[in-house]
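Both of the next two complexes hold subunit A, though its partner changes from subunit B to subunit C.
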Partner chain A sequence: MNFDVVWNNLPYLLWGAWPQGPLGGAALTIVLSLFSGIASAVIGLVLGVWLFMARGIVHTVLLLFLSFFRSIPVLMLIFWTYFLLPVALGFSVPELATVVCALAFIGGAYLAHGVAAGLRSVGGGQWEAGISLGLGRWRVLRLIILPQSLRRMAPSFVNQWVALIKDTSLAYVIGVPELSFVATQVNNRAMVYPAEIFLFVAAVYFVICGALDLVAGAVAGKEREHTRGDKAAKTAS
Partner chain B sequence: MDLSIFGLASIYVEWLLWGFGVTLLLSAATCVAATLGGLVICAARISPLRVFSIPARIYLAIFRNTPLLVQIFFWYFAGSAIFPTPLLDWFNNPHTVTIAPAGTTWLSFKLPSFEFWAGFVSLTFYTTAFIAEEFRSGLRAVDAGQREGGLSLGLSPALVFILIIVPQATRHAFAPLLGQYMNAIKNSSLTMAIGVAELSYASRQVETETFQTFEAFGIATILYIFAVAVVEAIGELVQRRRDRKYGRGAVT
Partner chain C sequence: MRRVAVWFGASGGSKHEEKTMKLGALVLLAAVFVGGAAHADRLDDIKKAGVLRVAAFDSNPPFGYVDEKSRQIVGLDVDYAKAFADKLGVKLELRPTNPANRVPLLTSGNVDLVLANFTITDERAKQVDFSVPYFSSGQQFLAKKGVLSSPDQLNSLRIGADKGTVNEIVLRRDFPGATIVSYDDTPFAFTALRNGNVQAITQDGPKLVGLLANVPDKENYEIPAFTISNDYIGVGIPKGETALVEFVNETLTELEASGKAQEIYDVWFGPNSKTPLPRLFKIGDAKTN
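== the complex of A and B ==
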C-alpha cells in the first residue's frame, strides 16, 4: 500500500480546482448531498401528506407517479433530467441542477411512503379528538398528527439521506466533478495504486455517511429523553 | 425479424434487448449469490461468538455506507492488485464453455468478460450486506413469546430457532428481500461505468448513435419498469397464496 498518490492529490480530491476553478471533490459531494437532501425532504413531506389525505383516483395516480420513480434506476433518471430538462424548460440547465433534481425526486418518492406510513401510525383517537374539538381535517393534520408522526419518520429520513449521499456519486455519469469523478480522474492520470485511491474515496464517503448517522443518533437520543421527560411530567401530574 | 418500435430502427432495438438480457443475467446471478451471502453474514452477525459477529459488523458498516459506484471502481481497477495474475489472465481472455456429452455439441456459450465479473462481484458484495440486514430484521420481528413458548415445550434453543423462529422470520423477510432484488436490478445499471454492456449502457450507445434520445431512454425505462413489475407481481402472488393458506391477518 502506497498512499502517496492520495496525499499528492489531496486538495484536488477534497475540493477540486477551487478556489482557482469550480468547487469539486468531497466538498461538491457535500454540497450536492445538502441540496438534494433538503429538496427530497420537502418533496417527500408534501407528497407523503398528499398521499395520506388523497382518496380515489388522485390517490391512485399519485401511487403510480411514486412507483415510477421507485422502479427506475437513479442513473436512468439522471439521463432523463440531463437530456430532457433543457428541452422542457427551453434553456440550458447546469449539470448540478439536473443531478439535484433527479436525486430529489427519487429520494422524495421513497420518503413519501415513509411519511404516509408515519402519518397512518398515529392512532385514530387523535383524529377523533381533533375533529371533536371543531378543527378541520387539515388543521388536525398540521397541529396534532404531523408533530407526533415526524419523530417516527425520523429514521426513514436518515436512511434516505445516507442513500442520497451515496447516490451523489452517480453525478459522475454526466461529468459533474464530485468525489467519485475526480477520483477516476486522478486514477486515470496516475495509472498506479488504484486500490489506494478508491479505498481513500470509500473512507471519505464512509465518514460523511457515518457523521450523518451519529448526528441523527444523537438527535434521536435527545428526542427520546424529551419524550421520556414528557411522560414523567404526565405521571407526576 | 423487424423489431423497430417508436421509430427506432430494428438494429438499435436489438441492442437494447441484448442489453436488457445482460441486465437480467447480471441481476439474477447477483440475487442468487447475495441471498446465500446474506444468510452467511446474517448468521455471523447474530452469532454470540465475537470472532464472527465483529467482522460481520465491520463488513456491514463498510459495504452499506460507501457508494456502489466506488465499490465497482475498486474491484474493477484494484482487482489486478488484489487477485493473483493467473486468475486475472483467465478472466481477461475469452473462454468458450462447451458441453458435449458423447461427442455431440449439446451446448456452447461464451463466458462473460472481465467487466461482467467485476460488476457481478461488486454488486454481490453490496447486495449481500443489505440482504443480511433484511434477514436480521426478519428474525427480530418474531415475537419473543414464540421463543419462550418453544423453550417451555422442552425444545432445545437450536431447535426453537430452526423450527419456530426461522419459518416465521422468512415470512417477515420475504417482502423486503424482493425489494432488495428490485434494487439489484436497478443497481446493475451502475456497471455501465466500467463498460458492462447492460441496458443503461446500451441506451446510452443507441442515443449517441441515433440522437433519438427520447426513444432510446424511453424503451430502456419501460424495460426496467417491466423487470421490476415482474418481481413485484411474483411477490403479490406468493402473498396471496399465503393469505389463502394461513388466512388474512396471519403473520405475513
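== the complex of A and C ==
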C-alpha cells in the first residue's frame, strides 16, 4: 500500500480545482448532500402531510406522482433531466441543479410515504381528543399529531439522508466533479493505485455519513430531554 | 424524448388541479422557448455570453487529463479549445466528458463544442456536425508482451474496448470471433488488462502511447505495430450551426498556416515530449480512406 498518491492529490480529492476552478471533491459531495437533503425533507414533509390529509382524486394524483419518482432510478432521472429536458422543452438545467432536483424529488417521494405512515401511526383517539377540544383538522395535525409522529419518523429521515449522500456519486453521469468522480480522474492518471485511492474515498463517505448519524443522534437525544422536561416544546424537532 | 413531452402534455390537459394547470403552462412556456431557440445562432450566443463551453476528456493523456499540480484539465484538445476561445475573445469553460457522453452533450445543447478525440463518422454526423480533421490516428492494440503480433489473432482473443467509441464498432464489425468487453474509458479497460480480465485493449494509437507513458511497469506491455483502421479526429459541433462550423474550420486552417498547430502538437507529441510521435497528418490534408 502506497498512500502517497492520496497525499499528493489530497487537495483535489477534498475540494477539487477550487479556488482556481469550480468546487469539487468531498466538499462538493457535502454541498450536494446538504442542499438535496434539506430539499428532500421539505418535499417529503409537505407531500407526506398532503398525502395523509388528501382524499379522492387529489390523493390518487399524488400517489401517481410519488410512485413515478419512486420507481425511476436516480441515474435515469439525472440523465433525463440533463440530456433530454433541453431537447424536449428547449431549456437546459445546470448540472448541480439537475443533481439536487433529482435527489430531492426521489428522496422526497420516499420520505413522503414515511411521513404519511408516521402520521397514521398516531392513534385515532388523539384525533378525537383534539377535535372534541374544538380544534380544526389542521390544528390537531400541527399541535398534536405532527410533534408525536416526527419523532417516530426521525430514523427513516436519517436513513434516507444517508442513502442520499451516497447517491450524490451518481452525479458522475453528467460530469459533476464530486468525490467519486475526481477520485476516478486521479485513479485514471495514477493508473496503479486503485486500492489506496478508493479506500480513501470509502473512508471519506464513512466519515460524512457517520457525522450525520452523530448529529442526528445528538439532536434526537436533546429533543427527548427537552420534551420530558417541558411539555410545551411541541413546535421543536 | 418525445415521450417525455407527451407525458407532461397529457397530464396538463386532463386534470383541473391547480398544480397540473401550472405544469400545462410550463409546457406552453417551453414551446415558446423552443420556438425562440430554433432561430438563434450559436456563434452569436457564445459571443454574447462571453463563454465558450467545451467538453474535453479528463482521463486521456495527452488529449485531455487533469494535471496533478494545477488541478485543471490540460492536453492537446484543450490547447485547441483555448485557441478557439482566444480567437473569439471569450472565456473558456471546460466540462469533463467520457466517450459515451459526447453526442448527448452536443444534442442537448449543454456544450458548444466537443474536443475529445472525437472520431468523425457518418453515423455520428447524422446527429452532430464535424469540423475538418485536426488529428489522425490508427486503431491499435495494447497487450502484455508476446500476446499479440498480428491481426489474425484478434478473432480468438478477449479484447477490452471503450463504450461508445468507433474502435468498439470497427472491432465488432471486422473481427466477429473476438470477445469484446466494453469499459467506460481507456484507463478502466487498462485495469482490466492488468488484472487479466481481457488479453488486449484497443484504442487509437496515440491514446495508447499516452496511456502507456504513464504506466510504471510499461516494460511489460507493448503496442503491436499494426493498425486495423484509420480514424480522423474532428471538433464536434451542434447540428445545423453553420456559422460555428465555418468559424472552427477557418480557425483550424489559420492555426496550421501560422505554425500554431505544429506548436501544439510538439508540446504533447513532439520529440521532447513524454510521448514522441511523428506528425503524419496536417490540418487540410486529404483523407486517405
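To be clear about the criterion, the second predicted complex is superposed on the first by the 214 of 237 C-alpha atoms of A that agree within 3 Å, B and C clash if a C-alpha of one lies under 4 Å from a C-alpha of the other, contacts with A are read in each partner's own complex, and residues count from 1 in each chain.
Operating definition for what follows: a residue touches a chain if its C-beta (ideal position, glycine included) is under 8 Å from a C-beta of that chain, and two chains touch if they have at least 3 such contacts.
Everything quoted here is computed from the prediction, not taken from an experiment.
Asks: Just checking: does A:A104 make contact with subunit B only, subunit C only, both, or neither of them? Give me first, second, both or neither.
Replies: A:A104 contacts neither subunit B nor subunit C.
Asks: Please work out whether A:W80 is in contact with subunit B alone, subunit C alone, both, or neither, and reply first, second, both or neither.
Replies: After superposing on A, A:W80 lies in contact with both subunit B and subunit C.
Asks: Check the residue A:V61 against both partner chains and state whether it touches subunit B (first), subunit C (second), both, or neither.
Replies: second
Asks: Tell me which partner A:G210 touches in the superposition: subunit B (first), subunit C (second), both or neither.
Replies: After superposition on chain A, A:G210 lies in contact with subunit B alone.
Asks: Looking at A:P177, would you say it contacts subunit B, subunit C, both, or neither? Reply first, second, both or neither.
Replies: second
Asks: Quick check on the superposed pair: does A:P194 touch subunit B, subunit C, both, or neither? Answer first, second, both or neither.
Replies: Both partners, subunit B and subunit C.
Asks: On the A-aligned overlay, A:V140 touches which partner chain: subunit B = first, subunit C = second, or both, or neither?
Replies: In the superposed model, A:V140 contacts neither subunit B nor subunit C.
Asks: After the superposition on A, what does A:F91 contact: first (subunit B), second (subunit C), both or neither?
Replies: After superposition on chain A, A:F91 lies in contact with subunit C alone.
Asks: Considering only the touch criterion stated at the top, classify A:A39 as touching first (subunit B), second (subunit C), both, or neither.
Replies: neither
Asks: Under the contact definition given at the top, report the residues of subunit A touching subunit B in one complex and subunit C in the other.
Replies: 80, 83-84, 173, 184, 187, 194
Asks: Quick check: in the complex, which residue numbers of subunit A touch subunit C?
Replies: The touching residues are 8-9, 11-12, 16-17, 20-21, 57-58, 61, 80, 82-92, 173-175, 177, 181-182, 184-189, 191-192, 194.
Asks: Please output the residues of subunit C touching subunit A within their complex, sorted ascending.
Replies: Residues of subunit C touching subunit A: 1-2, 4-5, 15, 17, 19-20, 27, 30-31, 33-37, 55, 58-59, 61, 65-66, 68, 70-72, 95-98, 101, 104-105, 107-110, 185, 187-188, 190-191, 194, 211, 214-217.
Asks: Which residues of subunit A touch subunit B in their complex?
Replies: Listed in rising order, the residues of subunit A that touch subunit B are 68, 71-76, 79-80, 83-84, 162, 165-170, 172-173, 180, 183-184, 187, 193-195, 197-199, 201-202, 205-206, 209-210, 213.
Asks: Name, in rising order, each residue of subunit B that touches subunit A in their complex.
Replies: By the definition above, subunit B touches subunit A via 61-62, 65-71, 73-74, 77-78, 80-82, 182, 186-187, 189-190, 192-193, 200, 203-204, 207, 213-214, 217, 220-221, 224-225, 228-229.
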